[in-house]
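Labels run A, B, C, D, E and F following the written order; every chain starts at residue 1.
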Amino acid sequence: MKIAVLVNEGPYQHQSADTAWNFCKAAIEAGHEIQRVFFYHDGVNNATKLTEPPQDDRHIVNRWASLNKEHGVDLVVCVAAAMRRGIVEANLAEGFRISGLGQLVESGIQADRVVTFGD
Amino acid sequence: MKIAVLVNEGPYQHQSADTAWNFCKAAIEAGHEIQRVFFYHDGVNNATKLTEPPQDDRHIVNRWASLNKEHGVDLVVCVAAAMRRGIVEANLAEGFRISGLGQLVESGIQADRVVTFGD
Amino acid sequence: MSEGTVKKFMFVNRKAPYGSVYALESLEVVLITAAFDQDVSLAFLDDGVYQLVKGQDTKAVGMKNFSPTYRALEGYDIEKLYVERESLEARGLTEEQLLVDVQVLSQADMASLMAEQDVVLSF
Amino acid sequence: MSEGTVKKFMFVNRKAPYGSVYALESLEVVLITAAFDQDVSLAFLDDGVYQLVKGQDTKAVGMKNFSPTYRALEGYDIEKLYVERESLEARGLTEEQLLVDVQVLSQADMASLMAEQDVVLSF
Amino acid sequence: MLHIVNKSPTERNALASCLAHAKAGHALLLIEDAVYVATAGGKAALAAAPAGLAVYVLSPDLQARGLGGKAAEGIKEVDYKGFVELVAAQPRVQSWL
Amino acid sequence: MLHIVNKSPTERNALASCLAHAKAGHALLLIEDAVYVATAGGKAALAAAPAGLAVYVLSPDLQARGLGGKAAEGIKEVDYKGFVELVAAQPRVQSWL
């Protein structure tokens, strides 16, 4: 099954980003396709390559990137939300791409399910 | 009177950053001293120089910076919270500085009032 | 799925405007979804009904007043705006205080409408 | 004010752990405040009482378990941990389920304690 | 003590908790999404307020939400300048986040 | 329909609103700060659930909060794999944010 995921909150502040990542991982392990992860609102902050969490904590940005590297998951950051919040090509982590809201609508059309994670 | 301000949420996502700025401006106009604005939690995202909001919207980061430029307000970003969220010297806007939580405690000790803005 | 697929998208608005950005950024998705020729509905319930209150004036808070966009939705052929009656009543609001024409539904009818959608996005 | 000033700092915790970062980052401020030799109190009320529930195990969520820090507070001479009785009871919790020794206060006593502070920080 | 509440009471429990801990002589300022409490339709949420609690509402936030000038009787509208005056007048500030 | 709720009912109104709109045959998954609802002490918040609503709780979130294995009777614990199965089994998903 094709599942799209929408992430509306940034890393660390809320659990949404953690739950969304754990969900994606389990979906892939169960043989589903994560059609796309779309980052909206503060969710765009999941895509900064400048994070450096404490050594004894998880690295949320790198975890997302590994979904792209290992499973080819399309990680899309909303350009309008990103510009408001200072996420641009210069600080975009590898594995993510910046694009428009049309990518979210396309997910809604193409995927069998859309699962939203937020505050 | 010396007033310290604590900002716990990032720009645009919540109104906290707007309210805090409006409060600081009014306090300065009334002749009070804003002893420090401390940015904690997602509040550190107020300090990125990479934001580019739509032309018809306010520029929250620049508004903070102007408080420093025009009134010398000390704008301090918590280093631990900032590292988790990808705010570092490389993308720090002019007028802000990165420091430790001790600066918040110092505000609590030195200021006559601490006013917190958050979610 | 082919490019001609039309799905029922419902946008569920449960939060007041300005306190958080969800109402504003939700509208941006609504407009794009309409541009993709999808079947778009907006549901306003709980504090989401406050988004439609007339006379919003953001000059003094220095934020962008996005409420005129609700009036512009018609121009994008977005005409399905549903407001939950129980939410209005609990907040002492009447339909006359809203800035745009809406269909007022009972909570039960709103629930049925939600259950008929293909994609439900909540902001 | 001189460097020797000692103020009463109260940290008000009203939110559950893990769903948001406030509980964890609040503890970081608590530790620093103690290092400045201030008079530190922690108040747990509403969903904040959940922060102290025994047996937290974050392995499956992949987050950091910060609950041992509450046990370590004593080592920093932070001994004023107040929990509101009404909040515990409303959640079906008892003092025995908490991971650290606390003083359980009535809501009225908690209110009086709050009113005596110099600095109240809420996360 | 100046208590600050910024959330709607129909969404969150912040106002209820604040009112349960506020005392006579304290002040309460409603800002952001809490300003709905200050209108005729929302005032019922203040029923639990202790006697002697002075209630204020931030008028710029009322205006933004289409409720300018609609503060219910007994609730005083203040602007940001008035917000600052409240902070200065009360010995402490507590935000109910 | 799979309904997802992630907030505590003592903090926010999300669960109440979800229950008022859920229908028989739907499923409800409690995650993050909503898992407290699934315990003996929190289950009263489900009194308004419609008949025929299947209720699940995400066990990793229960464990994180010190409540592993403490789901009340009638509420099924699932892990992330079970979360995915619920999403696949129900024709649509609605998150009550």
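In the analysis below, contacts are C-beta pairs under 8 Å (C-beta built on N, C-alpha and C of every residue); 3 or more make two chains touch, one makes a residue touch a chain.
Nothing here was measured: the structure is a model prediction, and the numbers come from that model.
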item	value
Common touching chains of chain D and chain A	B, F
Least hop count linking chain B to chain F through chains in contact	2
Maximum centroid distance from chain A, chain identifier (CA atoms)	E
Pair of chains joined by more contacts [C-beta pairs], B-E or C-E	C-E
CA centroid of chain E to CA centroid of chain F, Å	33
For chain A paired with chain F, centre-to-centre distance based on mean C-alpha positions, whole Å	24
Chain D-chain F separation of Cα centroids, rounded to whole Å	27
Contacts with 2+ other chains: residues of chain B	8, 12-13, 15, 19, 22, 41, 54, 57, 80, 114, 116, 118-119
Residues within chain E bordering two or more other chains	6, 10-11, 13, 32-33, 60-61, 79, 92-93, 95, 97
Multi-chain contact residues (two or more partners), chain D	18-22, 46, 61, 63, 118-120, 122-123
Those chain pairs that satisfy the touch definition	A-B, A-C, A-D, A-F, B-C, B-D, B-E, C-E, C-F, D-E, D-F, E-F
Interface residues, chain C side, partner chain B - complex	18-21, 61-64
Chain D-facing residues of chain E, complex	1, 13-14, 17, 20-23, 26, 92-97
Contact footprint of chain D on chain F as seen in their complex	6-8, 10-11, 32-33, 36, 39-42, 59-61, 63-68, 79
Complex interface listing, chain B residues touching chain A	10-13, 41-42, 45, 48-54, 57, 61, 80, 83-88, 90-91
Chain C residues within the chain F interface of the complex	12, 14, 22, 45-46, 107, 110-112, 114-115, 117-120, 122-123
